[in-house]
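Chain nomenclature is as follows: A, B, C, D and E, assigned in order of appearance, with residue numbering initiated at 1 for each chain independently.
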Amino acid sequence: MIRINYQPAGTPPATLIPREGSKPRAEIRLIQYDADTIFEGGFTTFRELATRLDPAKVNWINIDGLGDVGLLREIAEHFKVHPLAIEDVLNTAQRPKIEYFADHFFIVSEMVYFDDGGRLTFEQLSLFLGHHFVLTFQEECGDAFDPVRARLRGGRGYARKMGADYLAYALLDATVDQVFPVLESVGNSIETVEEELLDKPSKSSLKKLYEAKRLLLFLRRASWPQREIFNSLIRDDTGLIGKETQIFLRDCYDHTVQIIDIIESYRDLTAGLMDLYLSSLGFRTNEIMRVLTIVSVLFIPLTFIAGVYGMNFDRSQPLNMPELGWPFGYLFFWAFILSTVTAMLLFFRRKKWI
Amino acid sequence: MIRINYQPAGTPPATLIPREGSKPRAEIRLIQYDADTIFEGGFTTFRELATRLDPAKVNWINIDGLGDVGLLREIAEHFKVHPLAIEDVLNTAQRPKIEYFADHFFIVSEMVYFDDGGRLTFEQLSLFLGHHFVLTFQEECGDAFDPVRARLRGGRGYARKMGADYLAYALLDATVDQVFPVLESVGNSIETVEEELLDKPSKSSLKKLYEAKRLLLFLRRASWPQREIFNSLIRDDTGLIGKETQIFLRDCYDHTVQIIDIIESYRDLTAGLMDLYLSSLGFRTNEIMRVLTIVSVLFIPLTFIAGVYGMNFDRSQPLNMPELGWPFGYLFFWAFILSTVTAMLLFFRRKKWI
Amino acid sequence: MIRINYQPAGTPPATLIPREGSKPRAEIRLIQYDADTIFEGGFTTFRELATRLDPAKVNWINIDGLGDVGLLREIAEHFKVHPLAIEDVLNTAQRPKIEYFADHFFIVSEMVYFDDGGRLTFEQLSLFLGHHFVLTFQEECGDAFDPVRARLRGGRGYARKMGADYLAYALLDATVDQVFPVLESVGNSIETVEEELLDKPSKSSLKKLYEAKRLLLFLRRASWPQREIFNSLIRDDTGLIGKETQIFLRDCYDHTVQIIDIIESYRDLTAGLMDLYLSSLGFRTNEIMRVLTIVSVLFIPLTFIAGVYGMNFDRSQPLNMPELGWPFGYLFFWAFILSTVTAMLLFFRRKKWI
Amino acid sequence: MIRINYQPAGTPPATLIPREGSKPRAEIRLIQYDADTIFEGGFTTFRELATRLDPAKVNWINIDGLGDVGLLREIAEHFKVHPLAIEDVLNTAQRPKIEYFADHFFIVSEMVYFDDGGRLTFEQLSLFLGHHFVLTFQEECGDAFDPVRARLRGGRGYARKMGADYLAYALLDATVDQVFPVLESVGNSIETVEEELLDKPSKSSLKKLYEAKRLLLFLRRASWPQREIFNSLIRDDTGLIGKETQIFLRDCYDHTVQIIDIIESYRDLTAGLMDLYLSSLGFRTNEIMRVLTIVSVLFIPLTFIAGVYGMNFDRSQPLNMPELGWPFGYLFFWAFILSTVTAMLLFFRRKKWI
Amino acid sequence: MIRINYQPAGTPPATLIPREGSKPRAEIRLIQYDADTIFEGGFTTFRELATRLDPAKVNWINIDGLGDVGLLREIAEHFKVHPLAIEDVLNTAQRPKIEYFADHFFIVSEMVYFDDGGRLTFEQLSLFLGHHFVLTFQEECGDAFDPVRARLRGGRGYARKMGADYLAYALLDATVDQVFPVLESVGNSIETVEEELLDKPSKSSLKKLYEAKRLLLFLRRASWPQREIFNSLIRDDTGLIGKETQIFLRDCYDHTVQIIDIIESYRDLTAGLMDLYLSSLGFRTNEIMRVLTIVSVLFIPLTFIAGVYGMNFDRSQPLNMPELGWPFGYLFFWAFILSTVTAMLLFFRRKKWI
């Protein structure tokens, strides 16, 4: 889940290479609104869309699919986006970051969610925020933004009354809130492991624990830089972000801090559980060893004695194994055995083994 | 104990959802006082209460129970509280924090205490502090604030002579001081484990140790941000906090620093104890192994020898087991056994095993 | 050694509760001097002493014993000490700290020393420094300050020529220098453990090691905030500390930094020793296991063979154990045994076990 | 891979000692270009080259081989380079760094790449950047700069239109991008180990894991200071770096941050895998022990009983082993054996061993 | 190697106590030079030397041996050195540091080198730098400064042309460069251990590893504060350090950073090796256990069976051990043995033990 995307060393900067495996044609959608009106539509070329853009309204252009390099170039030209930023849109292994350009922001964010099949997915969201437009690029058309679209259509909440900055907030907020269910599932899995470990450490709990640790590592990588982005936005003084929206962004910042806090706590917990696993194993091994040792130490010498009296020395020789002929030999044998066992049990008790 | 509360991604901000499991009707209480007079009373609706408010006095409105969303909306409107702050009141998995608004503070604090049944409880306290009012929201009506109420009624200490800022201090101070008995109980449990470990490491001490570690983790999560709150308050220059109250808040800050210091020390101690546990186990296993090995190494070869002379080879064949017929065979056998044992004991001593 | 002192949550601030176990009557001593004269005397009440105070001289009032709350209140009133500071004097589980008040400092410091019985003792020193007075509160009258008193009496060194700030320095310096012998003893104990571990890891070295770790933890808790105090004093610009005294305080600061440096190095060493202990144990266990395995693997199969030929199958049946009747059966048996042993020894050598 | 290069203590500063093992004659190449023209050529002495330099164009002088101290001295004199910087060019164990001189920068960077034989190689690149020249020193003529040369020749991209600062950027960018394939190979090796560990921990996975850890350590050493260099360059205000080039350098900075992020994540992963290895081993040992113990504890006592009834006590004595003569003795024996086994199996089940 | 030097608590500050074990008479040497002339000579008293001092030249006074307190007092008086600084000269367990006084610096540095017998030695160098003098105090007359003296005599390099600041630089540079060979030897020892560990973990590699860790700890303690010293010197604005010398000091700073970087990398490596040691041991133990278990589990039940048929039940009773009389009993026995062994081998294979 640590993606490494790179171009051969020495490639000229801002070389655009279509994302491998991406659909060649992107889906282009425009939502254009102000407090009173809303227009929504799909386009096949950017040229068509460009004619519809209206600087008096908020224009949200969403591109799904990163396979069409020509389209990206057109968009970059129209919105005066730096070629390096467009390169970062294509290179989807970016670390979340924010970059300031003359009249717009460029934000790379990481979306973390369970896809329809329940598999955890990390996906890059690239977002450009200008005075009257928001440009978003995704590879897969996730449904995280559907509720935002619904709010825009319904004119519910603040959504329609405010500018492009608020739209950007709403989209980023949706990506942040997606992480909570993922965290919840990690939390559940940690709790299960905890119970298993104290009861009986097994290989499967070890695997689950390691999975959780790994997942937390990836979530952490995505969350810390996210925090920097919001921190940067709520301190913004370029005028792109309104005062009112900054209060909402502060809420996003809080959520990210909370997410990081939970991740770090979970990391601490998993580290503690790893220790617990090793200690539990050590304890069990010790206990097993103790039983083995007690039984072996008790019986091995006895077996030797029994072996001795099973030897076939020629008893016609007077000094050979006279014990075997004694009237009470067998009773003596048992008496000896029992006293040996008793002595050993006392020894074990002194050692606190039983 | 890591609560994760969240609304589905894309929910409009400041959506108020009643706390699941909360009682639908909140208890509303007002304590209103100045140096000379005090009024105390319960109300069923906020409208009734609102008419009693008097900006010339300190008004403490305490809401127990977060199930009545309508009530919260009324209050928010009356005191001009930001909707996002009200959302945070309901979402009780907040990290302790302080937020500054135009004419009031919003403080989220974590109360940690043993409830009546002796179970450790974490609960969120939401507190708004304005020029002449303090608004507190809790889910369960704990009794931590009873002593403060008593002091207000009795007119004891500074309590009645000072403003709303001092009341907020007194309430926060009470929540901070609640942590000490919890820490004390953790300390006792660590001490017990320490003694057990050096004596005989058991599974139950491991469990206790792990419990203490977990608990410390939660306490730590609650305490570090608390420190930030007080740090922020004692540096406040908005005028909401008087100079004199800031000296008292410095005391709260000191207590939180002390709590954090104790928590970190305990964490260090528990980490050391985990190491000690593993080492103790390792030592015991080593000791048990040594005994097992000594006994096995002594007797296994002897048993083999005894086994050999218990074989039934046909002694009528001249080369078959002539030793059995020797006059002193049996004595030779014992002499051989004893010299083998002696040699092995010397070997063990050289290895420092006995 | 982690003391937790607290008052029930909700207790009014600055409530004075006599230290449990403290002697009810405090010893009050005054040393009053300038370059030419010195007066020294004990008093039974503060009122008597107050009449002797002379702002033209340095007045050192030392209170031993924290059981007399009334006395403390009188002193607080006379020197205009804040009630919260007096509360901190009584609550002797404070973290070392410095607090600035209008015309005096309040310093809480931790004294660490071996008492007469050789037991390590942590004790709180509370010190108020004003323009012409130094107020010190201790619970036990230790003898750390005796050399300072002797220097004052003898008029040796700078002591008598300088002001109250220098006296405060001399007292704090004495408390800092007390830590060095404690560190030395920890160092010795670490060195002993080091030698023992490489030779033969025992349970007692484990205990000693853990003791050292614990002790270092407590020393560290006491030393880091101490450093902050001196750092604060040498940057002081309130005028209470003279330039010349600040050079001396810089020396104290250096000593504290050195103490912290030694503590951290020792902590590193003990962590390394814990690793060494575990590795040594692991190595010994491995070695023991190897011996056990070699002997068992050699002899267990042999014993089985011997057991087989000790079976009593009816040899009158032609197919039953014909080997027993072979002329060279016994020799074959030994040949088989020896070749098995040789093969196994070669296997062990290949595995690098012998 | 941690190279330590040093001159005997007390050697005068800026003593130039030819790199041991370096070819005595360096290869000197000049590429000189502006937007319209490009000249490229090799020289045998610096004097020849010096006459060709043209301050109106960008002059890139590349020196391969550090064996010719005289050449370096000539160059240093011509470009007014500080002797200590030239010493650092020769001492190729430098930490990446940037140094500011009156009218040029001196950058030491670390190139990390797989050489033609697939072996990982660390090599120092020393780069001087002046207003119209770039001076680069390498020991081996790697091919990382070939694409840059090709771009210059082809006049592709920004390359030819911009100044010496852009050339320096292009070279540094090429060295940064070389690290990605190395990281990718580390990532693959970590993934392989991960799979092996959960399946069956072997010695070879341990070796691979340790190799990965070591490699990450070296990459980390090279990357952190690299980040400082770019951070310094994008904040540069000496005028040597143009505003436009700084945007490109910001991209380099981003890449370095990304590299560091991946390295740290891999370090976390390898640490987790080490834990996993130990836990897996512990688990396997525990499982093996359990089987050993169960079998031993079951059969050792039984073998003793069988041994007892194989003893040859003289049965003519009435009390000697009467069991052997009982009609159902053998059946009793088996009944006893079976009930013992059953009891033990129950014991094991209670202990959760089976 | 952690020296703790202290005076009893309460000792007046700046008390001079001759270093225990120091030679009572110090060697006093003066080297006085300017660009044209150089004078060198030994003196027996400071008075003689004082008359030779010439503020127009650079005067380097070197004192070997710290046993003569009177001499130190004379020097302190002559150069107006603060008594606390002189106390620090004598107390040779100082942490490296720099202190600023009115018209001179006081630098305490740590020299780390292999002495003539190859033993690692830590020694304190105390250096005072004034406008026209450098005062150095050492306990043992090491030969680290001989190359500097030679350069002064020969007039080589910058040495003679520059002032006292350059001399101080040259001396500090010599002490820094002494550390590299020590690091190199640590590196070699780590490499040896690495190879041994992967091959066969032994007790001696453990000892070597621990030694390396310990040594790195001491080197680290000496190097970090050294870095602070140089950092402070290259930012100096008191005028004692010339601009040109600061460039040279920047080189020293670089070397110290490089030393610290190597130390930290080595520490990381040794930590990794400790893990590797434990894992290797665990792996070997696991492997040994596996062999033991396989052999025991195979043969212990077989031995029991053989034991059963060696019992002497009275076969005249019809139900006693009829198997012994069966015509193919012995063959059945072997068939049973072989099928049991086969079954077990399959079980082991399923468990991936063989």
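Going forward, a residue touches a chain if its C-beta (ideal position, glycine included) is under 8 Å from a C-beta of that chain, and two chains touch if they have at least 3 such contacts.
All values derive from a computational prediction rather than experimental measurement.
Student: Which chains are shared contacts of chain C and chain D?
Tutor: Of all the chains present, those in contact with both chain C and chain D are E.
Student: So the centre of each chain is just the mean of its C-alpha atoms; given that, what is the distance between chain B and chain D in Å?
Tutor: Using C-alpha averages as centres, the distance is 40 Å.
Student: Just how far, in Å, is the C-alpha centre of chain E from the one of chain C?
Tutor: Computed from C-alpha means, the inter-chain centre distance equals 25 Å.
Student: Which chain A residues reach two or more other chains?
Tutor: Where chain A meets two or more other chains at a single residue, that happens at 278, 282, 285, 289, 292, 296, 300, 303, 307, 310-312, 321.
Student: Would you mind giving the ring's chain order, read from chain A onward, with chain B coming straight after?
Tutor: A, B, C, E, D
Student: Using the touch definition up top, name the residues of chain A that touch chain D in the complex.
Tutor: Going through chain A, the ones touching chain D are 2, 4, 6-13, 82, 84, 87-88, 93-95, 97, 99, 200-201, 203, 206-207, 210, 213-214, 217-218, 221, 274, 277-278, 281-282, 284-285, 287-289, 291-292, 295-296, 299-300, 302-303, 306-307, 309-312, 321, 324-331, 333.
Student: Help me check something: in the complex, which residues belonging to chain C touch chain E?
Tutor: 113, 144-148, 150-151, 156-159, 173-178, 180-181, 183-184, 187, 198, 247-248, 250-251, 254, 257-258, 261-262, 265-266, 268-269, 272, 275-276, 278-280, 282-283, 285-286, 289-290, 292-293, 296-297, 300-301, 303-304, 307-308, 310-314, 317-321, 351-353
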